[in-house]
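One chain, chain A, appears in both complexes that follow, with chain B as partner in the first and chain C in the second.
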Partner chain A sequence: MVVVRTQPTSSRTAPLSETTVIGWLHKNLFSTVLNAVLTLICLYIIYVVVKGLWIWGVADAVWVAKDRRECFDISIDGACWAGVIQWIDNIFYGRYPRTELWRVNLGGLLLVLWMAPLWLPRVRAKIFIGLSTVFLYPFLAGYLFAGGDKSLFMQVMVTLAMVCLAGNTAHAIIGVSSGRGLPDTLLRWLGKDQAPEATQRNTLLVLLAAALAVGYALQTGWTEEVVPWSKWGGMFLTLVISGIGIATALPGGIILALGRRSKMPVIRVMSTAFIELFRSVPLITVLFMATTMFPLFMPEGFVLNKLVQVIIAVSLFSACYMAETVRAGLQAIPRGQYEAAHTIGLGYWGMMGLIVMPQALKHMIPNIVGSFIGLLKDTTLVSIIGLFDILGMLRSVSQDVPWRGLHKEPLLFGAVVFFVVCSVMSKYSRHLEVKLSAGAKR
Partner chain B sequence: MAVSETDSASVRVKPKERFDFFHDERVRSIFYQLLTAGTVGWLAWYLITTTAHNLEVRGMNTGFGFLTATAGFDTDFKLIEYEPGIGTYRRIFFIGVLNTLLISFFAIIASTVLGFFVGILRLSSNWLVARLALVYVEILRNTPLLMQIIFWYVAVFSILPRVKNSIDLSGGAEVVFLNNRGLYAASPVPGDLFWMTIVAFVAAVIGVFFLSRWAHKRQDLTGQVFPTFSASMGLLIVVPGIAYLATGSPLDWDIPSLQGFNFKGGVSLPPAFLALLVALTFYHAAHLAEAVRAGILSVDTGQSDAALSIGLKQNRVLALVIIPQAMRAIVPPLISNCMNVVKNSSLAVAIGYSDVVALFMQTALNQAGYAVEMVGMTMAFYMTVSLSISGLLNIYNKRVQLVER
Partner chain C sequence: MTSTDTQDTPGQLASAASTEVIIQLNKVNKWYGAFHALKDIDLVVHKGERIVVCGPSGSGKSTLIRCINRLEEHQEGDIVVDGILLDKNLKHIDHIRREVGMVFQSFNLFPHLTVLENLTLGPIWTRKTPKAEAQEAAMKYLTRVKIPEQANKYPGQLSGGQQQRVAIARSLCMNPKIMLFDEPTSALDPEMIKEVLDVMIELADTGMTMIVVSHEMGFAKTVADRVIFMDEGDIVEQNEPFEFFNNPQHPRTKLFLSQILQH
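For the complex of A and B:
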C-alpha cells in the first residue's frame, strides 16, 4: 500500500518561548539559576543608577538660579543645571559676538544645503558635489566666520564657492524633479540640445563665465565685520578644527597612502617614515610641537596665529591616520582591477583615478566617518594648549565667579552632546557599511 | 619545421626596443624620486636654517648641554630620588618616562582584563547582561577620553573626603586609605631571609614548566588528562608558602599612619594617577571589548559543534578550540590597544600627573627653553615605545598566525 500525501501538513505553532512574554523572559533572562541571579543583579544595578541619576539630575535639580549659592539654597543634593543653561551660548559659540551668531548658524545651514544633494535620489555627479564640499565650502564658510577684507585669492575662491553652491542647489532640484543634470537642462532651455558637441560646450562655458561674473559682482558688495579668531570657541571651534582636519586629511592621506604603496623606493620609504612618525606619537606632543616649534620654522617677522598652528598640526596628524585607512581600502581592491586597467592602456594616474580609487573610496566611507568621529573627540585636546573649544568652555564654567566649582554638570552636558553626535554618526556609518557591501556580496 | 616557422614569426613581430628617454619607465621613476628627495631635502634644509637663524636671533641656547644642568622645580610624584636644585634635567626626563611607563603598565593590564570580561559579557546569553555591556561600551566609546579623564579627576577623586575622614578600603584593617590626596597603602618591607621565599617561588615556576611538559607528554602517550592547572596553582602557593613560614615570616608591612596633616609611610598614589588609571582602563576596556567580541564571533560555530561532537566538555571546548582561534583575531587590536594606552597616557598633562609630557615637554620646556631638543626627546621616547611594543607583539602575532597553515 502506498500512501501519498496530497495536502501539506499544517505547520506547528511556534514554541511558547518564541511567542509569549513569559517564554521570552524564561529563554533570555531566567534560563538557568546563574542567569536568574545575573538578571537580578543587573536589575538592581539599573535601579540604583537610574534612580540616583533621576533624583540628582531631574527631580532635585535646579534649572533657574543666578549663581551656585542660590542653587545650593534651593536644593543641596541636586544638579545645578542653571549654570549650564546660562553658559549655553558660550559652550556652543565661544565668545563669538552675540549679534553675529547668525553667521555661524548660516555657515552650518550652507553646509547642510551643500551636502544635502548627496543623500537625494536621482541626483547625478555626486562625486563632484562631494569634492566641492571639501575644496570650496571651507573658503565660503571661512570668510563668513572671519569676515574682514578679502584678498584676491579669497575673492576668487568665494566667487567660485557661491557659483558652485547655486549650481549644486539648482542641479539637485532639477535632478530630483526630472532625473536630469543641470547642464542638460540648460541646453534644453536654450534649444541647443541637438547642437554639435563643440557648440554645447561653448554655450556652457559662456554660461559659467556669466555666472562667475555675477558671483564676483555680488561678492564685491558683500563685506562682513571682522571677528578675530581669538573670539571663536565652543562647539563651533571644535567643528571648525575637526572639519578642516578631515577635509585636508583626505587628499593628504590619499597621497601618503599611494606613496607608501609606490614601487619607487625613495618615495615609499619617505611616506612610510612620515606616516609611522606621526602615528607613533600622541597628538598632544604634536600640538606642543606646533606651538613651540612652528614659530621657529617661520621666517622672521612672519607670525602664525595659534589656531593656524593647531589646524596644521591636526591636519598632519589626521592625514597619517587617514593614509592607513586609504591603504586598507586600496588593499581590498583585487589585483585583477589593476591589471585590467593596465590592459586597456591606462597609465598610473588613469588607473588610480578612474578604476581603483572610485571603488576603494566607496568601501572606505564608513571608515572615513569613523576617522571623523575619532578626530572630533581628539580635537578636545586643543583645550590643553589654551584654545577655548567645547571642553575649554565647559571647564571655564567652574572658573566663572558665580558658578565657581561647578564641574560635574557642564562636563556631563558636554558628554551628552558628544555622545549624541558621535553615536548618531557611528550608527550611520554602520548602516552605510551594510548598504555599501550589499551590492558587493551579490 | 613548425618550430622554426613560429620562431621566425616571433622574431619578425617583435618590436624593436628603442630607448626613449622621456617615456622610459626607469628614467621617469628615477626622475620622480630625485624630485621628491630634492623637495623634501630642500624643505628640511630650509626649516633647519630658518630655525637655527631664529634661535640665534632670539638668543636661545641649543644643544644637549642642559641635560646635566640642575632643574629648579619639584615634582609631586617620582619613582627615583630627586631634589630640586640638585637633580638634573636628565633626571627629570627619566622621572617623566618612568611615570608614563608606570601608568601605562597598570592601565594596560587592567584594561585588558576588563576588556576581555566586558567582551565576553557582550556575548552573554542573558539579554539584560548583554545589553548592559553594550550600553557601557557605547557610552565610553562615544565620549572624548580627555573629558572622561577630567571628569574622574574633578568630579570623583578631587572631592573625596579629607585626610582625617579617609575611606578605609581594607574594611577596618586600616592598611589602605583613600582620600582627596590620593591612595595610601601598606608597602611590604622584606626581611633578611626573604630571598629564600623568592628562590622557592622561582623553583616552583620552573617546576610548573616541567610539570606541564610532562603532563602533555603523558596525555599524548596514554590519553589521560592531568589536572595541570590546579596542580600548578598548588605548587606555586605551597612551595613559597613553606619557605616563607620556615624562614620565620621575614616580611614586614610599612603601614601608613596619620601623622599631623597627612599619612606617613607605605606607598602613596596621587589623585591624578588614580583618575588617569581609572579613565584609561574604562575607556580602553570598552574599545578592547568590541575587539574581543568580534574575535570570538569570528570563530565558526562549526568549530564548537565539532569539538562538542568529539566529546570535549564545554570548558575544554572554550580553552582548546574557541579561544586559540579567537586570539588570532584579537591579538592585532590588542597590540594597537597597548600602544594607544601609552599614547593616551600623555593626556595626564591635563590633570597634572607628572608624566613625560607634563614634566619634560611642558614644565621643563617652559623653565629652560630648548624647544627643539625637548620635543625631539619626548617624541623619540614615544616612538621607541610604540615601535618596540608593536615589534614584540608582532612576533607573537606571527607565531599565532602560523598555526593557520
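For the complex of A and C:
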C-alpha cells in the first residue's frame, strides 16, 4: 500500500500561551497551586527586604553632617552617608596629594583613549593596539602616577608610549572615517603609495624616527612632582595592582600553559612545577613571601619597593591560575585542528597563534573573565600587608575620630562599587561570547 | 600482472603515471606502544599515479598515509617524498608538508575562519603569497569544487559534502604535488558522497598524484591505477583495479571483497 502526500502541510500560528505575557506568567510562575504559593512568598520576602533597605538607606538616611554624632541627632535609624561622602576622595585615591589628583584621572582617561579603538568598527590592526596597551601604556601611566626623575629606560619607554598613543589615535580616527590604516594614509599623503615596497618601508621608518625624536624632545621637557607609592591608595591602588595583574595574567598564562603542554621535558617540568607551586599556596602567603621573605634572599642593599613586590607576586599568582584556564581551553581543541594546521604547512607558532589559540580563547572567555573578577576581589588582601587599597580605606573610615564606629555604610558602599565593576566585566564577557560565537553559529 | 609480493614494480601497472618516483617507502615500521601497526612496508609511488588503499579497520591504512606527511612518526625504515628524506629535520618535514596535501575523514576545517580565510591561510602564512593573489587562487579552486558562492560563510554553515569540498580546495591552494585522502567520504550522508567523489575524479583527471584510503569501490574501479589491500600492518595484495576486483589472489582479499560486495 502506498501513501503519498501531495500537498505540504502549512504552518499555523502558535497557541497564545507561547506568545503572551499572561501565558508566560501562567506557565512559569503559577502553573500549580504550590508554585503559585511559592511565587507569592518570594514576592513578599523581596518586598520586606527592599522596603527595609529603602527606609534605612534612603528615606531616613543622613547625607550631610559634620560627624557621626550629628548623624545620630538627625536620624537615629537611618544610614549615615555623610561619612562616606566626606571620605569619598580617600576611598578612591587614598592619600594621593589632592592637588595632583588630575594625574590619576588623566591616567584613566589615557587608558580609555588608548583602548577605545579596540571597540570601534573599521579600525585595523587591533591586535597591535591591544599589545601596545599591555606593554607600553603601563610605563606612561606609571610615570604619570609616580613622577620624579626618569631613568634612561623610562625615558625610552615613555617616548615609545607617547608616540604609540598618538599613532593609535590617528590610526583610529583615519580607520573610522576611511577604513584605511595609518601607514597607507601617510604614504598616500606623501604620494608614495605607488612606490616600490622598499621605498614605502623606508619612508615609514623615517616618519617613525621623526615621531620618536619629537616624542623624546617632548618627554624631556615633561617632569612631574614625585608622589611616593606609599601615598597611593584606595580604588586607584586596587585598580593599579589588579590592572597590571590582569594585563600580565593572560600572556603569562598562555606561555605557562604552552610550556606545560610542551614536548620538551625540561620546559614541561619547569612550567608544571611553577604552576603547581603557586597554585598550592594561598595568595596571602605569596604576598607575605614577596614582601617579607623575598628581601631576605636578595643581596645586601637591594631594595625593591613593596608595591612592585606585591604587583610581581599578584601577576605571577594570577598567571598560574590563568595557565590552568588556558590549558583547559587548549584541551577542548580537537586533534584534527592541529593536524590540519600541520598539513597546510604551519609551524608550531603559526599553528598556535592562528588556529588553536583563537578557538581556545573563545571557549575560555567566561573562565578568563571569572579569574579577572576573582583577581580584582583578591587584590583587597593587600590591605593585610599594609597597603591602603579600597578595603583598607573603607575600614579606616571607622578609625577616623569624627566617624568612629561607622562600619556599615562604607563597607556597603564598597560592596556596591565592587558589584558595579564586576558586573560590568561579566556583562561584557557575555557580550563578547555572543559576538564571537555569532560567526561560528550554524 | 598479479602480485602478491611487494617486490613487483608497480610502474608497469600505472597507465597514467610517469616513471618518475615521487614517494618511496623502504622497510617502514611503525609501532603504537607495543602494537606493530606497519610491518616492513615497501611502496613506490610514481608521479601522477592514483592509488586506492583499502582493508579492514585497524589494518594500518590511515597510519600508512599519515606517516607520509609525518602526522605519525615511523620508527624504522626510510620514507623519501619528492626527493627529500623524511627525518627529524624540521625543515625537511615542513618542506614535505607543503608539497603534500591531505584531506581528512572529519574535514578539519578551521571553524573560526570563513571558507575563504580557510583557503588563504596556508598560502599567505607559509608560502608568503600576497593576500589578493591568494584570494584569487582560492576563488579559482572554490569554483573548481563548485561552491564559489559559499566563500564568505563559516564552515559550520555548510553541509558535510560542501565542507569536504572546501577541505579539498584548501589543500589544493597550497599547490601540492601529492594529495592524500584519509577516508574522505566515510563521514558523509549517501547523498553527499557523490559530490565529493565527482570532485576527486576531476582532480584525478588533472594528473595529480593521489593516495586515497577509501572503501568506495566504484571510485577505485573508475579512477585508480592500482589498488592496495592491507591487513594487520602488511600490504597483502596490490594490483590494477580490474584484476584486483575480479581475480583476487590472497584469501584475505577474497574474504574482504566478498564481504563488502555482498550488499
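Structural remarks
Basically, the second predicted complex is superposed on the first by the 384 of 442 C-alpha atoms of A that agree within 3 Å, B and C clash if a C-alpha of one lies under 4 Å from a C-alpha of the other, contacts with A are read in each partner's own complex, and residues count from 1 in each chain.
Throughout what follows, a contact is a pair of C-beta atoms (placed from the backbone, for glycine too) under 8 Å apart; a residue touches a chain by one contact, two chains touch by 3 or more.
Bear in mind that the values here come from a model prediction, so they are computed numbers and not experimental data.
In the superposition on chain A, A:C42 makes contact with chain B only, while chain C stays out of contact range. Number of chain A residues touched is higher for B, counting chain B against chain C.
In the overlay built on the shared chain, the residue A:H26 is in contact with neither chain B nor chain C. Of the two partner chains, chain C is the only one that A:G347 touches; chain B does not reach it.
Contacts of A:K126 after superposition: neither chain B nor chain C is touched.
When both complexes are overlaid on chain A, the residue A:L391 reaches chain B alone and has no touch with chain C. In the superposition on the C-alpha atoms of chain A, no part of chain A is touched by chain B in one complex and by chain C in the other. Interface residues of chain B, counted against chain A in their complex, comprise 29, 32-34, 36-37, 40, 47, 50-51, 53-55, 57, 124-129, 132, 138-139, 141-148, 150-151, 154-155, 339, 343-344, 346-347, 349-350, 357, 361-362, 365, 371-372, 375, 378-379, 382-383, 386-387. Contacts from chain C toward chain A in the complex involve residues 69-71, 90, 94, 97-98, 100-102, 104, 106, 108-112, 114, 121-122, 125-127, 154, 156-157, 170-171, 174.
Across the interface of their complex, chain B is touched by residues 28-29, 31, 35, 38-39, 42-43, 45-46, 263-267, 270, 276-277, 279-285, 288-289, 292-293, 295-300, 373, 377-378, 380-381, 383-384, 391, 394-395, 398, 407-408, 411-412, 414-415, 418-419, 422-423, 426 of chain A. Those residues of chain A lying in contact with chain C across their complex are 334, 336-337, 339-347, 350, 354-355, 358-359, 362, 439-442.
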